[in-house]
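Notes for the one structure printed next.
Going in written order, the chains are labelled A, B and C, and every chain counts its residues from 1.
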Amino acid sequence: MQASRLTPLLLVLPGAGFIFVFLVAALGMTALQSVGLYSLVGESRLTADHWKSLYDKAFFDSFLFSFKVGIASSFGTFLFAYPLALFLRRRRFGTAVINSVIKIPLFVPALVAAFLILNVLAYNGVLNSVLMGLGIIDEPLRLLNDRFGWNVFIIQIWKNLPFELLIISATLQTIRTDVEDAARNLGAGPLQVIWHIVLPLSIPGILIAIVLVFILTFGDYAITRVAGPVYPSSLSVLMYTKAFTLQQWGAAACIGMVITVASLIFVAIYARAARAIEEMRT
Amino acid sequence: MSVETFSMSPQDKPRPGLAYFITLLVVALLFVWTAVPLFMAVMWSLVNPDDPWSPPAVLPPSFSLAQWEYVFTYSEIVRAMLTSFALAPIVTILSFFLSLPTAYAIGRLDFPGKDALRILILLPIVLPAMVIAMFLSRTFYVTGLAQTFVGLVIGHTLLSMPYMLRILATSFESIPQDVIDAAKNLGAGRFALVREILVPLIMPGLLAGAVFTFITSLEEFNLTFVIGTPTFQTIPTVLFDYLGYHFVRTNAAVVSIILMVPSIALLFIAERYLKSEYLSSAFGKI
Amino acid sequence: MHVLRLDHLFRRYAGFTAVDDLSLEVQKGELVTLLGPSGCGKTTTLRMVAGFITPDGGDIWFGAQRMNDVPPHRRNTAMVFQSYALFPHMTVAENVAFGLRMQKTPVDERARRVDEALDMVSLNGLQDRRPAQLSGGQQQRVALARAIVTRPNILLFDEPLSNLDAKLRVKVRQEIRELQTRLGVTTLYVTHDQGEALAISDRIVVMNKGRIEQIGDPGTIYRFPRTSFVADFLGAANIIEGRAFGKGMIESPVGKFAVKSKAPLAEGPVKMSWRPEDMKLASGTSGNSIVARVRNVGFYGNFTELEVESAGHLLRVQVDSDFKPHVGDTLTFTIDANRIQIVE
């Protein structure tokens, strides 16, 4: 289309412009406050003090915790999502039902998901009732409030499984069946086809799914606040506490920068993987 | 000529027994995994306060609507519902009008920096929500938008619009150029082109995007919590209250259901339009 | 006056020239085909006529009106696309009526003309179907009906038959030609299929690398190709280089030939071209003979094609299908002097 040079810019302005303005405002504020400027308590001066204040056990423990939960959630979800995606590739009699049912957690908000799972795992929740009813245990288990963060982990898997499933399914669909047929024709059994053909070709999609879930769970506030251990808290919870409870906005801003930068690094990985998919598609 | 019988690999031989059983097992497991938590929430919301429920009972001994009555009478829920259901449509409409031209440009035009633009649009939903929430609120504090409805609208739009934008962009992109050329060739000027061709063909994507944006706004927590409370409550912030300091399971159950019902209802209504292609193409492409 | 005139048209892209100094005039009611291999510029030319591409140089005239700056929707052309480009969200009737609606034709006249057009393409009764419910051949007819119903000045075809299977192609191209003749509408047709071009065109414009190689009616182009490209593109050709040495005689590695050419033949190197079906089995020693050894025999149903070798040159010969030579046989052929073309 031979439009003027200006047309794309004008068209792009409302949507992209809106996002740009407010995103820059938010992130800019984060950056500025992390170095002491624009402080709303006390005076504003350029300083590295806030950054130095991060160098304590609480921060490192939180970082490790968030990182651990992120990895565990994204990979844990993947371990369930990938086989399920493979299973759902061929249209069997149950696939329509499964597809509808599996989408449900996608539309359940994070807080509700947290509640639902906590409810099930609680001292007087259904899991304990069933296990006691079956005679497997005599006394209800105390599954909540452990230091490792198992609940957070389970909740995140519950919530993010359909998300990863959809992305991986879409990737699997791009793998042309004639490529698989060629492999089978040359003697590959079903597991070998998966290992040598399907898995390598679906790696960009897998990367995208894992990276997206990692970013979400790494920076999560709501679920870890509700279901996570009191100590260590996730980075976002620590950030919130420093800001609103301790009024240490500078330190909070620094934590905000750390989370943002980590996420951006993973966004870059995501972008690379997405480009690989585009190349494969053409 | 002799007729050879080729031995079939296990792949090809129909084995209704094993496949059927496995599928059934998977369906059952998924059903339990997804439905039981939901079911339990419903159960807890219907607990009779005069007839307490504790293990090893799997179901409450009797049902009553007392919890629902309690929540509706004594909590902020009604005010929160009004706010939530006022915000969501406004945010959806605003997102639509802001996204439309941008989505068209991304979907159909070529210009330098398009890739970077696509990433920019992705950022609000990929960057840590609490960071954006907290520091956007600081900016609002400075500009006087904190604790205002306008501030909430802006915040919600920032976080929901990317969905609408990406789905709309994919919709625009999937219109074959030939069809547009044919319309022009047959006499359609700019307005006729938009009215007759572009709008009808992006309609499914538009509806999908609207559903996504609406639900995202309804469910939005971090930003509303930081910018809106205590002046404004939405359903998620009320739920957070019940999950934090005042953990009353039955109240939490009621509010959870109130929050989930519109989402799941919209899911099933939009099932026709909400093909997984939309979601994954919205995320799979750069 | 001409209906369409292309005057020294140029179109360049980064690194190459798609259309290179193209001039052409099309008269009322003619079906002119742009024929050539992919990348020769035929589709670019067609799209310039439609208005989707702007020429970098030269002019496009519809009659006395210069069209270069007129946008596509105001050109009164109608195009049948290779992919049919039917509007997926409209019924067949709505698709066909679209152009009429853009022309603001009154409703009742619109309905009548739509039915009329669908009738002409033998699709009456399918008014309420959607494109997705139609077969490829049916979709193509809808695209055709949609184009002709608007009574355009110029009808444009962009390789409309390439998505149909072979037998259907022959049938449909005849129907297109009959329709075009009946309506008397000036038509510009693009294809890479030389059989198609030969079968339906009033004139053929053979294109190669953005330039016109030759324009003429099918018989003339086939019989008297002017360049080796044209000779080889339309049907098969045997092209042999030789030396003319006066009085219409040519010496070549495969034999000595007497040729009849319109202009006297200057002495020097020349290129000869003849068709496989013009090489006949010689009975006895006549002039213009070629002795060759059979390398390959191909049975084509209604004829047999032989690949023969003479003095290191491979030639293609078409003989009667009853004749069954063996690989390695030595045969003698002869060519009528009238059938040898001198090409560039």
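Points to keep in mind about this one:
As a working rule, contacts are C-beta pairs under 8 Å (C-beta built on N, C-alpha and C of every residue); 3 or more make two chains touch, one makes a residue touch a chain.
Keep in mind the model is a prediction, meaning the values are calculated, not measured.
Comparing the centres of all chains, each the average of its CA atoms, the largest separation from chain A belongs to C. The central chain of the assembly on a C-alpha centroid basis is B.
Work out the mean CA point of chain A and of chain B, and you get 15 Å between them.
Averaging C-alpha coordinates per chain places the centre of chain B 55 Å away from that of chain C. Averaged Cα coordinates give chain A a centre that lies 59 Å from the centre of chain C. Multi-chain contact residues of chain B (touching two or more other chains) are absent.
Per the touch definition, chain B reaches chain A in the complex via residues 11, 19-20, 23-24, 26-27, 30-31, 33-38, 40-41, 44, 53-58, 97-106, 108-109, 111, 117, 119-124, 126-132, 134-136, 138-139, 141-142, 154-155, 157-158, 161-162, 165, 215, 218-219, 221-222, 236, 239-240, 243-244, 249, 252-253, 256, 259-260, 263-264, 266-268, 271, 276-277, 279-281, 283-286.
Those residues of chain C that touch chain B in the complex are listed here as 50-52, 71-75, 77-79, 81, 83, 85-89, 98-99, 102-103, 146, 150.
The residues of chain A lying in touch with chain B in their complex are 1, 3, 7-16, 18-20, 22-23, 25-27, 29-30, 33, 38, 40, 84, 87, 92-94, 97-117, 119-120, 122-126, 128-130, 132-133, 140, 158, 166-167, 169-171, 184, 190, 205, 208, 212, 215, 218-222, 225-226, 236, 239-240, 243, 249, 252-253, 256, 259-260, 263-264, 267, 270-271, 274-275, 277-278. Listed in rising order, the residues of chain B touching chain C in the complex are 176, 178-179, 181-189, 192, 196-197, 200-201.
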